[in-house]
Structure formats: C-alpha cells, structure tokens
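Read from first to last, the chains carry the letters A, B, C, D, E and F; within each, the first residue is number 1.
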Amino acid sequence: MSQQQTDLYEGGTPDKGNWVEDLKPGLTAEGIFAVASAAARPKKDGKAFLSLELQDRTGSIAAVAWDHAHLAPRLDPGSVVSASGIVDTYQGQPQFKITELELLEEEIPSRFFLPEGQQDRETLHSRLSDIRSSIETPHLVELLDRIFDEEGLLEPYLEAPAAKLRHQAYVGGLAEHSLNMAEHAAYCSRFYPEIDGDLLVTAALLHDIGKIFEYRVDTVIDYSDEGRLEGHIVIGDRLIRRAADSIAGFPEDVKMHLSHLILSHQGRLEYGSPVTPKSLEAVVLYALDLLDSRVATFRDIRDSYAGEDRTWSDYDRLDERFWYLKSGAS
Amino acid sequence: MSQQQTDLYEGGTPDKGNWVEDLKPGLTAEGIFAVASAAARPKKDGKAFLSLELQDRTGSIAAVAWDHAHLAPRLDPGSVVSASGIVDTYQGQPQFKITELELLEEEIPSRFFLPEGQQDRETLHSRLSDIRSSIETPHLVELLDRIFDEEGLLEPYLEAPAAKLRHQAYVGGLAEHSLNMAEHAAYCSRFYPEIDGDLLVTAALLHDIGKIFEYRVDTVIDYSDEGRLEGHIVIGDRLIRRAADSIAGFPEDVKMHLSHLILSHQGRLEYGSPVTPKSLEAVVLYALDLLDSRVATFRDIRDSYAGEDRTWSDYDRLDERFWYLKSGAS
Amino acid sequence: MSQQQTDLYEGGTPDKGNWVEDLKPGLTAEGIFAVASAAARPKKDGKAFLSLELQDRTGSIAAVAWDHAHLAPRLDPGSVVSASGIVDTYQGQPQFKITELELLEEEIPSRFFLPEGQQDRETLHSRLSDIRSSIETPHLVELLDRIFDEEGLLEPYLEAPAAKLRHQAYVGGLAEHSLNMAEHAAYCSRFYPEIDGDLLVTAALLHDIGKIFEYRVDTVIDYSDEGRLEGHIVIGDRLIRRAADSIAGFPEDVKMHLSHLILSHQGRLEYGSPVTPKSLEAVVLYALDLLDSRVATFRDIRDSYAGEDRTWSDYDRLDERFWYLKSGAS
Amino acid sequence: MSQQQTDLYEGGTPDKGNWVEDLKPGLTAEGIFAVASAAARPKKDGKAFLSLELQDRTGSIAAVAWDHAHLAPRLDPGSVVSASGIVDTYQGQPQFKITELELLEEEIPSRFFLPEGQQDRETLHSRLSDIRSSIETPHLVELLDRIFDEEGLLEPYLEAPAAKLRHQAYVGGLAEHSLNMAEHAAYCSRFYPEIDGDLLVTAALLHDIGKIFEYRVDTVIDYSDEGRLEGHIVIGDRLIRRAADSIAGFPEDVKMHLSHLILSHQGRLEYGSPVTPKSLEAVVLYALDLLDSRVATFRDIRDSYAGEDRTWSDYDRLDERFWYLKSGAS
Amino acid sequence: MSQQQTDLYEGGTPDKGNWVEDLKPGLTAEGIFAVASAAARPKKDGKAFLSLELQDRTGSIAAVAWDHAHLAPRLDPGSVVSASGIVDTYQGQPQFKITELELLEEEIPSRFFLPEGQQDRETLHSRLSDIRSSIETPHLVELLDRIFDEEGLLEPYLEAPAAKLRHQAYVGGLAEHSLNMAEHAAYCSRFYPEIDGDLLVTAALLHDIGKIFEYRVDTVIDYSDEGRLEGHIVIGDRLIRRAADSIAGFPEDVKMHLSHLILSHQGRLEYGSPVTPKSLEAVVLYALDLLDSRVATFRDIRDSYAGEDRTWSDYDRLDERFWYLKSGAS
Amino acid sequence: MSQQQTDLYEGGTPDKGNWVEDLKPGLTAEGIFAVASAAARPKKDGKAFLSLELQDRTGSIAAVAWDHAHLAPRLDPGSVVSASGIVDTYQGQPQFKITELELLEEEIPSRFFLPEGQQDRETLHSRLSDIRSSIETPHLVELLDRIFDEEGLLEPYLEAPAAKLRHQAYVGGLAEHSLNMAEHAAYCSRFYPEIDGDLLVTAALLHDIGKIFEYRVDTVIDYSDEGRLEGHIVIGDRLIRRAADSIAGFPEDVKMHLSHLILSHQGRLEYGSPVTPKSLEAVVLYALDLLDSRVATFRDIRDSYAGEDRTWSDYDRLDERFWYLKSGAS
C-alpha cells in the first residue's frame, strides 16, 4: 500500500477523498475513483500517455496521466484507482491532470460509486420484518425464513438494485420496489377479499429476487453472465422452487402457483415472461409491478431535472414520450 | 292493457312472472321477456307462424307462437313481450309454445333483463358520497357537484354498466369500477405522497363517465351511435371539460391535466387512448384501471363456472388464455 | 368385471373391439371407447336418456343409451367405457344406439385412443442409443445417463407427444422430433466446426423434455396444470439443472449455457422464450427446431388429406395460409 | 432600445440584418437572431465567457461573446438577440465573435426565424374563400363562419404550420395542407356521388385545426403544453363541437359524424386516432390526408437536396426508407 | 344433350331457367346451377341419395336427388348442372327436391353465377380508351398497346374481378377499380404538377393486372395455383416487364420505376409488397389504391344491407369495425 | 499516368502501397485508397485546403491535403486516389498529411478495398461444380447451365457479397452462403425423403442470385438503383424465370414452384417476401436460410472482437441483443 493509499485508508476504512462533482478547475485534488475507460495514446514526442475517464457516484471526468501509460492494460472498466493531481480545463471542459496514480486491489465500499436510494438499510429491513410478520400461512413463513435467513440472501436482497438503467437503479432498489409492492399487495387483499393475501404478499416480496444474481454490482451495475443467459425471472423461480422443495410438506399446488406468479409477473410474453398471468393473484401482481415501476420511473426522470424549472423532460426514448414534470403534488 | 298484462302489473309494478331459467318441459308458464329475434316462417299448410327467441337476465329460450305471425314486423330485437303457454321439447331442447302474446309498450324495469352487480344502488351511492367528501380541493369539489348534482348524472352513473361484454357488464358496473379505483387512488396518494391525491381520486371517479353515453342500455347492453362514432374517452372528456369551463376560476392547467388523465387512461394508443400517459397521476391511473378491470374479469369468468368443480376455464379468446379457477382465497 | 368386459379382456389384454371408423349404419357393434361428452336429456315421456359422444383414435360418433342416464355424472370427458349396440342413422349422420354400457376403471392402452407416429418405440430407442453413444464429453454423457436412466425418464420420453394439436401430436412425437433435431445437430457441428457439437446435440435431445410434464396424456392429449402454469420451457430447464447440479464437477458455465439453450430455443420472446438466443449453439438450435417442426406440420396437413387428389389444403388458420399439397417428391 | 437596435428597427419595422447563411469567415456582421442555446463557460483566466448557438430561418452558427457571460441566465432557447461582431473560424467551422449583444423584448416577425411555404397568405386566403363559397349546406356554412370569422381563427389558421418536423412544417403549412385536402375532397365527391361532399370538404378544412393550439410558434415550432397533454385531434374536435353547439338547429347526427371525421382521420388507433374510420367520408378523409402528407414529405426531402445531383436521399429514419429523388416530372 | 338441356339452350344460348332467389316452397322449378358441394349419403333403406348445395349469383339452396347418388364423384365444387324438381321445406328451410339432374359440360355464361358490377363492358371499355388516349409519352403508349392489344389482355382485363371476397369482387371489378384510380391519378398530376402524370396513370391502369391470373374465375372466384404461389404483384410485374423489354428503346430507368410502382403499391411489406414506396409516384399510387378500395368496401357492405333500415352493419371481422351505414349523401 | 502511379503499377498490376492499418504517426507513406468523403475547407489565411477521409479494406483514416482543394468536386465517395505524405497526429488521432494526390481512373482490384471471405474463388467454384453435378433432373441441370454458363453469371456469382452490412458482406459471400445452404439442402433431402431434393438444392443455389444486381460493388458495397427499387427477391425471380422460359419443355408447375421458393424464402411478409412459404421445400428453404445467416452473423460479430478476451459483444442494435462470445467450440 502506497503512502497515498495509506492516507485514504487512515483509521481502517478507506477515505473517498474528493468527489467528482467537486473537481473544479484550479483545485488540487486526490481521491478514489472507478475507471470508466483507459487507453494509452501517443504524445507528440512519440512516447505514450494515459487518457482516462474516471467516475464515482457523483459523475465522471476526463483525466490524463503523462507518466502512467504502462498501467493501461490493467485498468479494465470498473477497476478502482487512487489518483492525485490538479484540475485544469481542456477544450472548455474540466480535465484532471494526474501526477500520482495507483490501482487499488482492496475492496472499496460500493457507496463510493453507486447511487443510493432514499431509504437506508435499516428502514428497508424494518419494513421487511413488519411485512414478514404479517404473513401467517406456515409454509410461506418457512419459505421466507429459508430464503432470507438460512440461505443468507437477506443482505444481498437489501443491497441489490432493481434495474441497470432505471426505476430504482440504486443500492437498495430491489428491496424498496419489492416492499412497496408487498405493502400494496396487503392493501389489495383486504380490498378484494377473494385474493389469497399471504401468497400475493410473498410473491411480491420474491418476484424479482433473481435480480440479486442478474446484476453484477461493484463499481457499476451491469448484467452478470447468468443474468444475460437466463434472466432474473428463471433464476428467481429456480431459487424459490429449491427453497420450497426443501420444506417438508410444502403443498405442491402452492409451489406451482408461486412459480406461476414469478414467471408471469411481467405480464406479456414480449416483455419476457414465459407464461401470461392466468390466476387472480397473477393479474394483480402484474398490475402492482407496473404501478410501482412507473411511479419510480417518473421519480427518476423528475429527479434528474432537480433544480431546473422545467415543465417537460427531454424526449425519453425508452418510454417514447416527454414527461410532464409539473405533475404531482406541489 | 290486456288481462294478461294487468295480472303482471298488479299493484302498480309489473310482475316478471316466470324466469327463463325456470321454463322446464311440462310447465305452464307466463312472464315478461325481451325479444332476441323474431321471424315469421311458413307452416306445412302454407300459413305462417312466429318463431322467436326470448330472453331475460337468466337466459334465453326458443319459442313458437302459431297464431301471432302478424306481430313479426313489430318485434324488433330488444322489444318486450308478455307471453303465456306451455313448455315442450323440440329436437332435445326446451321450446316455449306460446298461446297468448302481446307487445308491451310500457317501461319495464331493466332488472328483468340485465344482470345486476353484487352492490346495490344504496351501497354505491354511499361509497360515492364518502369518497367525494374526502376531496378538499375546492374546484374539484365543485366539478363533481356540477357533474353529479347539477347536470343530473348521478343516477345514470349509478346505473350504467362498465362494459358491453365483460368486466362489470352489469347495472351499477361503472360506479363499482370507478369507486374501486377512486378508493385505491386515495390509498396510493397516501403511499406515494408526491401524488396529487385529490386530482387522482377525481380522475378515477370520472375516467369512464363517457360510458353513460357510450352504451345504450334497455333490455340489452349495446353501443349507442355516439359510442361507436366517438368513444367513451372523448365523450367523457368533453363532458368534464364543459363542466370545468362553467366553473369560474377553475385553473387552466388543471383542466389540461384532467383532460390528459381522461384521455390517456387506457395507457397506449393501440388501446384507444389518443395520448400516452405523461404525468405521474396518469401512469398511476392507468395501472389502477388495469388492476381493477383484470380482477373484475377474473371474477366474471370464475362466476360463470359457479357450481362446477373446475380447475381451468375454457379458452378465453378475448384474453388469449385459460384461467386458473382454483386461484384466489379458498 | 361384467361379461362384456370379460370378452374384451380375453387372454389378459383388453380387446379394442370395433373402431369408430368401422361403425357404419346397420352394424351390430361393441368396443372400448373414450367419452368425449355425456349428458342426461329428457325423453318425450319425461324420463331421461343418455346422449354421448364417443371416440377412439380413428374418430368420433354420436351415441344414445336409453337406459343409462344414471351413469351421466360419472362419465367425465376422457373416461373410458365399453359399449355394445347397433349403428343407426339420425338426421343423416350415423348414431350408435347403445344397449349395454359400462364404465371401465382398468388401465386401457393409450394406443386405443391416441394416434401413433410412424416410428415404433424400438426404432426411437435405437436412434436415441446411437446418438447418445456419439457424445464424448463426460459430464454431458453423465447428464443424459442421469436423466434417462437414473431418473427413469426414458420411457416417458419415448411415449410423450410433441404437441397437443400439431406437429408430432402423437405417441412418440417428442422423441421423434428431438432425435431428428439431434441427428441434424450432429450434421451441423460437422459442417460448422466452430460449433460445440456435444453440447448442441445434448440440447437438441433435451430441449423439449419439459413436455413430458406439460401434457397430460391418457385418452386425449391435454395440458397438465403445471404445463399451463409454468410451461415446458421452465419445467424442462428445472429438470435438467437439477440433474446437472447432482453431478460432481459439472462445469458451472456449461450449466448456464445449457439453460440458455433450453430457455431460448423458441427464438423470440413472443413465442414464449424468456430470453433470446445469444450464443452460436442457441441460434442453431432455434433454426433446427423451426425446420423440423415445419416439416412435421406440412406432413400432418398433407396426411390429413391422404387419398384425396387435392392441390391445396383448406385455409390453415393457425399458420394463416393454404398449403401446397402437390409439393414434395412425387 | 440601444443604438444597435435602433438601426435595425429604422423606419418602424425591425431590420433582420445579416442572415446566418451569409456569415462567412472574415465578415463584419450584425443582425437579429434566435438563441438556440447559451451557456457561461470558464476562460483560462478563470473568468466566464458566453458560448452560444444562434439561428434564423437560414441556418445556425456557433458564437462566443467574451464580455456577456452575465446574460446567460436570461437567454432561454427561443429568446431573440441583436448581435454584432466578426466571423472567424474555429476548429474548421465558422464562429461568430460577438462584441455587442442585446436581448430583444419587442415582438419580432416570425418570418425572420421560421421557414415559409411557397404560397403566401393572400393565395391561401383566396383559396379558402373559394372553397368556402362552394359549400351550400347552411349549418356547415354557419359553422365555418363561426370558427373562422367570429372566433377569430382565420389568421392563426393561415399562419400555423402543419407539423413540427416535417410535411409542411412552415408558416402557412396547416392552411396549405387543409386546402389541398379540401379541394381534393370536392373532386372526390364529384367522382363518387354517394359522398356527402359538403360534409367531407368541411371536415377536410377543419381536420387539423387543433394544430393551431398544439404548436407553440414563435422563433421555433414546438409543442404547447396542451398539445402534448391532449393532442391536436381532441383539441380540434372540442373547438368544432363548441362552435356547432352554439349554432341553433345544428343537426345532432351531423355533430356526431363531424366529430367522428375529426377523431378518426389518422386512420388507426396506433397513429393516435381514438376511433377507427367507420363512415364513407371517414375512410376518404383518411386516404386524402395520407396522400397530401406523403406528397409534402417527398417534397420536403427532395427540397433538402436542392442543387445536388443525387439519385437517392440519405436513409430516412422516420419513414424507414431511402427516397428516390429522381422520381417526379423532370 | 338431353331434352332438358335442349330446352335451356333453345335458340343457341343456354337459358338460365329459375334463379335461386325465386325457389320458394311449392314451386315446380328447373334451371342451371353451380354445385357448391355434393355428397352421397345413406338413406334409411341403406341405399344412397345425393345431397347437394346449389348456387347461382342470386344465392344458394340445399337440394336432394334421391336417384342420382352415382353422380357424386363427378360433381366437383364449381361444376355446373341442370336440375328440375319441386321446392319443399326441410327443418324450416327451403329444399329443392330434384327429379332430373344432369352434369353440363358446355361452357355456360359466367354471368349466371358471378355478380356483375354496375358498369357494363362497353362503359369500361370506353373509359379505358379515353384515359389511354390522354397518355402522350410514346413508350408508355406503346406499352399499353402491347399489353392490351397485341397480347390480347383487353378482354380478360375488362372481365376480371378485383378481389375474391370484397371490394369489386365481381365481373369487371378489376377494370372499374383501375380506371377509377387512373382517372384520379390524372387529377392528381394536374393538382401536383411535379408528378409524372403519364407514368402514374399507366401504373394505375396496370397496377393490379396480375389479378387476371391470380384468380380462377368460372362459376366462382377462387385463387389460381400461380395466384397462391406467386401473388398478383409479381405476376403483374413480370408481365409488364416482358412487354417493356419487347419495346425497342424503352428507357431502362422507366422500366425500373414502373416495376417499383407495381411492386410497392400495397404500401407496406406486411401487406405483401416486397418493397416500400420510395418515389413520389409510388406514394401517390398507394394512397389512391387505399382510397378507391375503401370506398368500394364501404359500398359493398352498404349494398349488402340494401332494403334494411339500419344504422350500423354487423361487426366486420376483416376490417375489425362496425360500419356506419347512415353515412354518405342521402 | 503520373510517376507516382507508375510506381504503384510497376510490373503491370497496380501495387497497393501502404494499408490504412499500417499508417502510424511518424511514417512516410504512399498508397492507393478509396475516398470516403472529401470537402474543401477554408484555411485561416482564407485559402482552401482539402479535408478527406480515406479507406481501404483494413480501415479508414482522416487526411488533409493543403494544396489539392481544386480536386474536391471530382472526389466523389468511392473514387480512388493515390496519395503520398507523412502520418501525423491531430486531436489525439492519426492524420495523413498528403503532399501528392492523384485521382485514378484505371480499374483497381476490388480486393484493395473490399473484405474477402475465408474461401477463395477456386474453393467456391469447386464446391459449386460438385453440387451441380449431384443434380440429376434434366430441366434443373439445364437451368443452372443456362444461368451460370450461357448467361455468364458464374463469375459475378462467385464474387458478389451476401449482404451490405452483415452476414457474409464480403467478396464471395453470396456463393459461400448459397453453397452452405445447397449442401445443407442435400443433407435435408436425404434426411426427409419426401423432399424434392433436386428442386430444393437448385433453389438454395439460386435463392439470392438477385443480389448480384441488388448491390453495386466497386470500392464499397452499396445498393444499386434497381436493388432499392425492386429488391433482390424480384430481380432474382425474374432472372430465373426468363432462363426457365428459354428452356423448351421446362414444366410449368416447376416454374411456378421455383418462383414460389425464391419469392417466399425470407419467410414472412414483413421480412420482404411477397408470399409466405406454402410448400414443403419452401418451409425448409426458409429454415436453412435462417440457419446459415445466423451462424454467419455470429461469426462476423465474434471475429470483430478477435484478439480480445471478451465474454460478451457490445449491444447489437440490429439484432437487439448482446452476443455470448464464449460460446462455440473452444
């Protein structure tokens, strides 16, 4: 560990140092950053320098390091470095001129790099405990115990994002989205008494659990190999089915129905569900998923214009519309 | 009024007499029925007889009236008759052999012919009053007063169906569906505080109000001319906009937003909305509409197999799936 | 067992008796048939008779049994009866007038009711053995051993149909279709040497194995509950993954890739695959599946007009075209 | 008003000064321009300068103003400035180096900024008068009087564009497109005598009238809030219906049919029409709209390559094709 | 030729005899009819009788011929018979009891069986001559001469239908539709002077000429083998290209453009055009085709309810709408 | 011919000189290149210089020529130049500073500019000869002789690419793709004996032959005018049909079927086939086309990452997926 790193790790936990959003021209800066891209390029004198893009959860910045071209092959996207130097301007944009640069091998807290939701781990955990304690059906209680406690998925569940790009694409997003749906499911099963409430709430909690394995989350959120090859729906169903199979006496028809709920929750084949919703709980689960993800999408879009007095978002290619930012309670 | 009719009207209100579901072979029967179809046909002796299909809300039955062929031109589908005779069997099916037949011109209660929902008018009215009294925004309060009270749409609203074929295709269906959504909207605006709750609840109450004019409801539910030419979305928006325009000081941006909510509530252009949902309240309204109509669809399908011990519905062409009738709370 | 049944079972195996296709007016007949539908109906004298539709793999026939109305509640669709009587004509169509009728509880060979493919079990078994012995990758060899031999799926695999309605919707259809694809896959991996041949052949053999559980096959081919709720793709993937997990040292990346092959083999989300083909072997598997099922579809259509000198099939609603029956080698 | 402005306004009407297309390197220039974008950026010395993009109807140009960074917050896109300075080259492109810059608050003729069609206001007005005088049905005559004359929509109608991006996206485009369709409609109703010609011509004139309010046209063409929230179809229908309602004795069925024509004129739900064309006049109106907008699209594309000897346009993403520029009369 | 036939052919041309629409119960009738279907069926006495469905252009009727079962194998659909007997009633429907029946081998005028348009051959011919004489471009004049006169396609062109089911599915329909479009094309090329009018008019005349060979028209309109295998678009393009190739000096780019017009006239790949319209004339041709076929569709639907006072058609599955029959000039 | 050109042509054949991929900063270079774009731009002194993008089959490079602005009007995209100068760096990218530049009018071998497949002309020719000699049906033998030998299409066939962008978009790609399919077709017709093997193999060889004329291949692959106006499917069908028509006694039904195979081979209307596959051979041909083009696509994608150790491709917009580069035999 170099002197520089030692400084950042003072006291046992690494210190982030400067955030990207604070790197203004003229500043002498040091900090821990993720590498977005890195390449060796020729200088006019024929020697090579290192051209980088660095980022943390507050943004990204162009950087150059005149004397570190040899590091280029090891600086894969997502690798983590400590860097110090001064901030200059190049072609009208800030540029970080790095004088000291080291590749870090230690584990760095993902909160340096990843956005976090508004609810912290404790809030999410407490909401999860509450909703779990409302479930009375013994085999469903046992299923959740098995998955969260015995198989150790509680922590990953509380940390996983709900998406790569959008609606709850932040640490804790999966839990926040699932808890929103589960609490809403509880309301629905009071409103429509013919709903099997415990089953619907359980399915709401677990419907996206495959996302824990669909994404690879370290300094960025990206798909894992199995995420791309199998998708979170099948990964999640497999995980839940194995847990259910390991519980003596878990009713076979509930296993099937629970699988159906997980598999059909995206509502249409063309959205990636291998079967369409055919049960009462399945149609409700799909509508609740639509509801919470649309609200979260709107929130994300609106927040990205925070501080601007705008009526409309830019055109949103993904959803093929402009968003009316003036809507919502004032 | 003939003697027969007099009997049925005894005491001021007409008496339904026998229901179609009770017309078993061997029975001597009389009752009030709607004409589904009627045609004069030649008998072997060259004279004409009348061949009919009669119906009420419990079903339909084939009928013949040997001596009433002259009535054929006046028996349009949907007209109402009183008939008496005996029930026989023809080609393995019950056939009502009518000896006395009269065309009724009086207004006959639609409950003889149309299915009714499980909630009666009083329940619906009381739910509507409750939700209306929860709204505090003055111009929205006034808007609902204007529409329901001053323009006299309260009664039609409480009686209209929500569909011709399915999900709440019964007397009171529109109100039941709208109230479900409005109550759910109130829950949502507590859950997501950034929602403009009064606006969402108002939109939920009014989103389908154009259906009052989209359907022609007497002895059957059918589309009106304007229903086919304009559709309930535009009819409803026009009605609401006129009411809003008549209220001094109704904010212009709320008028626009309310129109947007009505116009976009079916969620996609190909479902008949001329604009896609672009506001927070609009995406929520669409999801709630989806939710309540899907629950109602499931209920309708399941109820149509009441008394049968079936796991699956027949193939449902409209929704392109079999329904899992064993789902729901047991 | 009644005298009648005894006759049919003479010598230990039940005797089919007459086939439906032989029931011509005037014949005195007896045989074993599946019940397509059954209902008690009133006779003119007020008593009830039994109206049935009976079928075997050669067709179906209307039937009446004047004295067996009491059996109606037990004659579910798919139940099996022995019946004797004479064949008459009713409204221009043959009608079987049954004098003796018994519900059979014994297991009846499915070949009485279900169509069979052109290749018998031995041929299919021998083709399977050949192709299995061509696979050299140890963990894939072991996987097939586990599934076919240790888990006892060999027999169900050789008997299952490949579809409910069409392309190989007969006993042995699953094996025939899978073997065609596997042999073709072997050819492809010689033609395109960059293909992982053992993996592709294994995937071809197993891609539809979930159909063993997707269909309920006794007297008719129908979907099982899990077939409708989960679909054969997920059922098959789960089965294969469990077998692979039980094999020590089965490479994790092969598990993922094999899952990908099973999950993506229908080629598009809207055809029910939860992921699209992303690997070389996956795109090949999809094309081979398309190829063999289209050939089989053509064959089925053409065979249904056997004996007729036609150039064109009737309009095929499923595939939205007329088929050119004069194509193919003459 | 500054000296500079005074110069441009000399004689009462503002003088455009130089057009963007004339700003060649080396020129000393002054003129009135619309602001496409503006931002304060840091100079190397730490102070801020203003970086702009300016435009008029002949094109756009990059600009810098070293001493006017303080204006940045007031220079919203679409605002209008007068600027003088010299034209230089930066990175191979012309750059306007501004020495004097003022924000103009006065109303500036939109013809400085917006493209104009080939037909001037008088031509359009005269065509409109002609076609209006050909209509004989009293209530339709009165409807057009009401809309154009009493409600003062004549001028906006003659100035509005027909689109934001393409097919008649210029001043006068709405009138030109509508008149083309109306004259064509008159021809059609002579050709097909079963057409109600007066109704079809009226609908052709009015079908897009909502575009007056769908677009916000000052220095650029953009959507208005109500344009995005409601769309021109509903806005137009509402406007027409109100006018019709205000005419005593306007037949109710004509109101409905006229609404149907406006609402269905885009031909398909997925194109934004809430109902599909169901009447004779509606199918004709849709075809005429398709015809004139396609011709206009071709014209726009072809004109954008004026002066180039090309056979093919670049790939047109909107219409997903290359256009054959050599077609048309030579 | 039998005595019966002799009677019908008296005077050299066959006599139609009774039309189907006149076959009322009680009538003794004879006439020439097309066979829609024919099958031998067993009588109660074990012998066979012939069950038929006969038709002419006025409708169809069920028929029986007790003594002609031996004719069944020769009575293919579309074959022509002369029949005499009496009209009776069976199960409430008219039934023609045939006593004399002969299969006719002679050529029978198609007007006995096929509906005819409102314009006779002379009118169509005269319109064609007029429009042809308006074309001045020499190679296009020569092309039409070649196709209509030298290759003898004039008569087939004047007789072919424009469709099997609808829009001008009658004798002369192809010419009527093509002439409507050509006259309209002439109008368009005056209205939009940048259109190459002669080319557009020629393409309008020829765009559907492949339909001459796509349909097999004798007693019914059906697809020919090449119609199903190749489609009228490719057949027509081939025919036109061959004619153009045979004309010395026909410009190569006009050949290409003309092919493009024929190939793209259905406007979209999914409507069967192998290329989308890319030229000015191509987009106009598509819009004119849409216009005239939609008007013709409306006319067909409306005419099928002639004499009924209806506001709406039945649901039209092909176009997925109800049609507003009250539209059009009154 | 200049001195420079003379050098490159030394010995009769032109010498390519340096390849683009070798143009590293600091190098003095000369070579023959294709012009991708060229424009005259103003220097600071007001005079013009020439800014170019040059390319050959190894890549493209930015270039400037200070003294050759006068050549700009003649340097159309695709024209060929010889250039010498030195390689420098501009804005971090290599830039070729040209001192001598001449436009070449001579024919330059397309292998300088176009990528080549892995199989050379001889290999492809030999495969073609082999498969042709396996065909025994006389009229099909004669058809291939006519097309390849008498009409001189052999050489163009062996040189044409199979696509503009992808799957075999290289010299020889058409032949390679067609031969792969033909050999595969031969296998299929042994596997499924009901296939007409000679017909299927012939169709496989010829299915894309229209691509010879669909693309204009000189220094780049681009569409020809007829390629865009008619498409390779119709061009190919026309070519084949003419050849067949010129053969005495070629069976008419085989002509139709062969046309059907060519026309339907893209499998769906929306993929550009004017008819859907209706024959046995047609469904097989479509599946084989899908198979070989998908394998080739995968190969192209994988090869574009050669030398990189990647598991996944970048997102492929055309096929809307990431590709799993680790698949295939290792």
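To be clear about the criterion, contacts are C-beta pairs under 8 Å (C-beta built on N, C-alpha and C of every residue); 3 or more make two chains touch, one makes a residue touch a chain.
Just so we're clear, the structure is a prediction, and the values are computed from it rather than from any experiment.
Least step count on the touch graph, chain C to chain F: 1.
Looking at the partners of chain C and chain E together, the chains they share are B, F. When each chain is reduced to the average of its Cα atoms, A sits farthest from chain E.
Farthest from chain F, judged by the mean position of CA atoms in each chain, is B.
Chain centres here are Cα means. That of chain E falls 45 Å from that of chain F. Counting partner chains per residue, chain F shows two or more touched chains at residues 225, 228-229, 253, 257, 260, 278-279, 322, 324. The complete set of chain-chain contacts reads A-B, A-C, A-D, A-F, B-C, B-D, B-E, C-E, C-F, D-E, D-F, E-F.
By the touch rule above, chain D contacts chain B in their complex via residues 225-226, 228-231, 233-234, 237-238, 241, 253, 256-257, 259-260, 263, 269-275, 278-279. Contacts from chain B toward chain C in the complex involve residues 25-26, 89, 92, 311-312, 322, 324. Residues 41-42, 44, 46, 51, 223, 225, 228-229 of chain A are the ones touching chain F in the complex. The touching residues of chain F, when paired with chain C in their complex, are 180, 183-184, 187-189, 191-197, 253, 257, 260, 276-284, 286-288, 290-291, 294-295, 297-299, 302, 320-324, 326-330.
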